[in-house]
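The structures considered in this document are given below.
In what comes next, chain A is part of two complexes: it sits with chain B in the first one and with chain C in the second one.
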Partner chain A sequence: MANGKKLNLKQNYSMLTKGLDWEPSYQKKQDIFPQLEFEGIKIHDWSNWEDPFRLTIDAYWKYQGEKEKKLYAIIDAFQQNNGQFNVTDARYVQALKIFINAVVGLEYNAWRGFSRLGREFGAASPRIAAQMQAIDEMRHATTQTHACSHYARFFEGMGNAPYQFDRTWYLSIPKSFFEDACSSGPFEFVVAISFAFEYVLTNLVFMPWMSGAAYNGDMSTVSFGFSAQSDEARHMTLGLEVIKFLLEQDPDNVPIVQKWIDKWFWRAYRVLSLVATMMDYMLPKRVMSWDEAWTIYYEENGGALFADLARYGIKPPRDADVTIKEKERLSHEMWSIFYANRDVVGFPLWLPSQEEMNWMSEKYPNTFDKYYRPRFEYWKELEDNGTPFTNTTLPQLCQVCQWPCLFTEPDDPTEFSHHQTEYKDEHFQFCSDGCQHIFENEPEKYIQAWLPVHEIYKGNCILDDVDPESPDYNPMVEAIRYMGLKPGIDGGLFKEHNDAMNWEKWTERPSNIHNQPATDFVRKTGSDK
Partner chain B sequence: MNESKHPVFIAFQANNDTLPIVNAITRDNPLAIVNEMPAMVKIDCPGRLVIKRSSIEEEVGREFDLQELQINLISLSGEINEDDDEFTLSWN
Partner chain C sequence: MSYQLTIEPLGETIEVDEGQTILDAALRAGIYLPHACCHGLCATCKVQVIEGDIEHGDASPFALMDFERDEGKILACCATLESDISIEADIDEEPDAEIIPVQDYQGKVSKIESLTPTIIGVWIKLEKPIHFQAGQYINLNIPGSDITRPFSLANKPSENFEIELNIRIVPGGVGTTYIHERLKVGDQIGFSGPYGRFFVRKSNNKPIIFMAGGSGLSSPLSMILDLFENQFTQSITLVYGQRNKEELYYHSIFLDMADRYPNFNYVPALSDENSDSAWDGYRGFVHEAAQEYFKNNFSGHNAYLCGPPLMIDSCITTLMQGQLFEKDIYLEKFISAADAQKSTSPLFKKL
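And then the complex of A and B:
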């Protein structure tokens, strides 16, 4: 250092990330980085890689340390002040069960994927970015577990997340998504996760939903959510940088990248659309609808992104128009299927209240009163008569996204979308044209999918202590036990659920702010009685 | 120079640390629209948004390193260009 002057940001980044590699002398580069060629991606000059944040490891630790201190101060305060009972009502807590059981496993798998990229990429600066992201993802898995663990002391169904993630039928939706990405090549993985998943779509989880968590009094969740998303801002930037880098390296990369964008946008959209239900049905107080969130975060902000990428010849994802057609019905269709299958899910279900249905009529003027209100009113009548509607069989799953085939045709909300194809003399079912298209591009990969419902019916989902030949063998109860759910406790109707009972006993407030209390604990103390 | 009018955005946790940052941004970007949501403030701006270290320093009354933005950042959209004095988001 000639003059001892402090380096500026760009010089500092360059010194700490560039020129760290050496040219191997007695091993071939292909043997050291064996995964960089088989996907067909051509990289001519890794030194063109640039991290726009120019974050170096020393700065990384400094700022991550500050974020952690802030986060844990809030979690401590939340726990010390019985924050779990200061959220709007006990229905809100049910959304956290989806978070702990579905999202934490995604974060952990992201750690696996980025650890691999931290080894496989062909230059030091992208490897450093991938390593920092791997550490971030592990941080998210642990902070989310910590933030939810306090709730697990008081509410059912949150104490067994890793076990459930690997076995519960609907959790195979997020699990299979991420394992699909982790079993792809390194470039496909990074386009799938950093770009399609993180850049284009995760804002929907971590911005409007987390803002909603704050609005419902959940300091703990909003704090981990925003803390995680601040890392995500860096990941998104990496995602955009990856795309630009790949597209600028060689024109032959463009069609490969386009195909991955088409595939992974649709895969990621199907996973994240679970948030539609969490926003519209599970937040007792709402900040915006899924329709509004999709309009802002995909159509406006995603639209700006794809307009920017048009100069490389990249087009918006193949099925983007379907997502726009589905935005007025997604949450209603999903809530219906969860309600109907409530005895085999890990959280209890309820029908929307009159107030909530009025909100939905306002937010979904073209669809709610026409298609969904009459269904919920009929189901309410059945519930009041003591004969609530229940599915008695398990749903048909899509071979690719593993959702039940619950979605409707893009141009006809009254017709279920159900696609079928034949491959090597077997039938395969799909929820959509998007998923069928993905299958047909890579059938050898997707015929290997482990579909929980198929496996249950094949008799593969029972614990070791079960004798399927005994006279009192109940296949459904045993499948639920295998999945890590407690039959008769975790699912069912919310108004009869332990969480609702305990909430009223411990808080003396109604478990559902829009309904009459479910127990006497509230009645005897209510000021208006 | 870019001509895009597509929106870029940056969002921060709504707290006392970010209030002066948001003030500095609105001063430097007359077209910026501040959307306040529970716990969060999202600033949208057509085409380009610039965050200037000097403006934040005037607001907070101390030296400010633009990398400190990371602490209360929630999310952003747009291509980033960052140096010691300015943090810019833009679309081509």
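And then the complex of A and C:
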């Protein structure tokens, strides 16, 4: 570079960071970075890693500090103004419960995973990128906790997230997902989380979910979303850089990466399915349907991405076509399962109103009236007769994704998809061909899965103060206690739930804008919506 | 009302319409600025204003902090111009790029020659010399109309008083039909230029592969002539494809060059040549010829691609599967309004 000439940003950054890494002189590199080879990934030249951020720690602190200041100012204002009562209705808060109880645990686990990469990667630049992302993830977990803890002062079911995350049956879905990733090698972890989860699929969480929060008056969650999305962009860029780097380093990496993409796309899709129910059933004011979101964020955007990746010899994920076949039924099947099991979940359930079902008919013209409306209408009848439908046994869980086997065959929405295989003289069950395939590639890993329902039946889910040999021992009651759920307070029917009662008492507005008010507190105001 | 935007460190100046964002204007002018969300949330497109006034638009307060606004940072995807401005963006500097101001030129058609049944060569003698980099193009004013058409310069830069254009007739095309059917020697004609960022990265000092097809030969021709004139010592391989022997214009020039320069390899390929003809060269497409010639291993090279979109697409895939990736592949990218509408992935920056 010529004397006196201004450095461009790249040169400037390389001058700022030179000498951060060094060649070891008295230890072997393999001993310092012991996890880099066992997965079969070949890296010939770490210097080809293009640092996508070029962010110094100094600048990083400054940005993040400013983001925190802004976010907490908004959360403060939200609290001062009792913003929790300005959301559409008390059902919106139920969606937040899933968020706090599931997503915070994911962020925390992401911090664990990226902290490890910050130690293990073979060059300074990716290590620093991973360290910064680790700090981001911890920041997200804390700010989410702070944003939601305010809600916990007014509503049930949000005060015990870490405890429930480790024990409650449906929270084992996100938990097992991330622990599967954290117990993989460093390259598999980064492909799983940075690429398959963050790059390919996070937009599904951020776009519809954050607009959903805005539509429903939750400015606290919206601010968190904006604050996190500016980090998320960095994480997504890391996902892209990782995939290019691995694919360009050695042609032998291509089949390994393809296997990981197949696996983690399907794993991430199953976890994110939860968003489908939030979008279609839980948001009182809806933004778009899951079907529409999947079309835009996976089929169109993902399609463009995989068209580009084809140049490296990478094919679209193995089960991508199944996700497209499922998009017209996913949310309906899942809401049915949650409703039927509402006494053992951490949030109360309700049936969609006529108005909401009409919206579904319009958004799901091929499936809703044919398969799901009759079911909900029948269940409504049972509710009105005082005999609501309830599932009295525990569901069969999938050995891999840990969802109940609630999904239907890709080509037949009336046939449950139950897959089974035998390994070392034991039977294992799966929700889908996708999950079975993942199991069969690594059976020794997945036979170790801690499946809540199995553990309950094995008698492993009881608290220390319980004597299973006493005559009045009730295994179901004790299992629910063990999971941290309070019967009659956490789950049940929404219209009878504390949150609905309190909401109407405190706001004099209906707890469900699509139904008759649940209490007299609202009726006097004459609202008939 | 439009404003001028100068983008450092490239030193390029482009026009920006009222209400048009900086990012949109830059991408349409073929200048890649880093970007991702395109609506003010992710901050990937943050750039520094050196001089001039802008409106921030919908930039999120989390993506562009107050202190950054005070320092003159903006988000290119949201910012619009309130005056002529110059910005500094995070773009790799190109040591081989020359900054040549675009000018208007006038000249007289000095020769027209049929090169193939569908391509003619047009030579224009200029009133003043043109300075350009081999590989660049000009916008030719079609006489008697207000339309212009882009054509790459086929002559080498040292022949600066007479330019050569190779023009294929596009069925139904107004511009090329005029040139093929009505333009004649002695006509006055004007153009503006030079444009484009397609030039040889000589300072990379790597062996070069040119892949050319259809009427995309002009740029590689000019580039190769220029390289030899400047004693380039690395190996140069031209993989040149046409449908049949009749269309394979300048074949003999390249055969002569292959004899004369030991570091020049010439690989012609015909995709639709009559099977009983005397052609003893490669039969197939450019990317197939290249794959065979290089035994599916392109690593260590720089590749320059010029030709119809389908050919470019196949060549990129072939190169990448033969271990040559984005940073070593160069092509002229035109982004049409239709391209800007369709979903794209940010995996590649310039391919």
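In the analysis below, the second predicted complex is superposed on the first by the 514 of 529 C-alpha atoms of A that agree within 3 Å, B and C clash if a C-alpha of one lies under 4 Å from a C-alpha of the other, contacts with A are read in each partner's own complex, and residues count from 1 in each chain.
FYI, a contact is a pair of C-beta atoms (placed from the backbone, for glycine too) under 8 Å apart; a residue touches a chain by one contact, two chains touch by 3 or more.
Being a predicted model, the structure only gives us computed values, none of them experimental.
Applying the stated clash criterion after superposition on chain A shows that chain B and chain C collide.
In the superposition on chain A, A:A304 contacts both chain B and chain C.
Once the two complexes are laid over each other on the shared chain, residue contacts for A:V287 go to chain B alone; chain C is not touched. In the superposed model, A:K67 makes contact with both chain B and chain C.
By the touch criterion stated above, A:V222 is placed in contact with chain B alone, chain C being left untouched.
Touch criterion met: A:L55 reaches chain B, while chain C stays clear of it. In the superposed model, A:G212 lies in contact with chain B only, and not with chain C.
By the touch criterion defined above, A:N8 lies against chain B and chain C together after alignment on the C-alpha atoms of chain A.
In the superposed model, A:L240 makes contact with both chain B and chain C.
Of the two partner chains placed around the shared chain by superposition, chain B and chain C are both touched by A:S230. Residues 8-10, 54, 63, 66-67, 70, 226, 229-230, 232-233, 236-237, 240, 300-301, 303-305, 307-308, 311 of chain A are contacted both by chain B in one complex and by chain C in the other. Listing the residues of chain A that touch chain B in their complex gives 8-10, 52-55, 59, 63, 66-67, 70, 203, 206-208, 210-212, 214-215, 222, 226, 229-230, 232-234, 236-237, 240, 287, 300-301, 303-305, 307-308, 311. On chain C, the positions that touch chain A within their shared complex are 9, 36-37, 41-44, 60-63, 65-67, 88, 90-93, 316-317, 320-321, 323, 325-326, 342-348. Within the complex formed with chain C, the residues of chain A that make contact are 8-10, 54, 62-63, 66-67, 70-71, 223, 226-227, 229-230, 232-233, 236-237, 240, 243-244, 248, 251, 300-301, 303-305, 307-313. Touching chain A in their complex are the following residues of chain B: 4, 6-9, 11, 13, 37-40, 42, 67-68, 70-84, 91-92.
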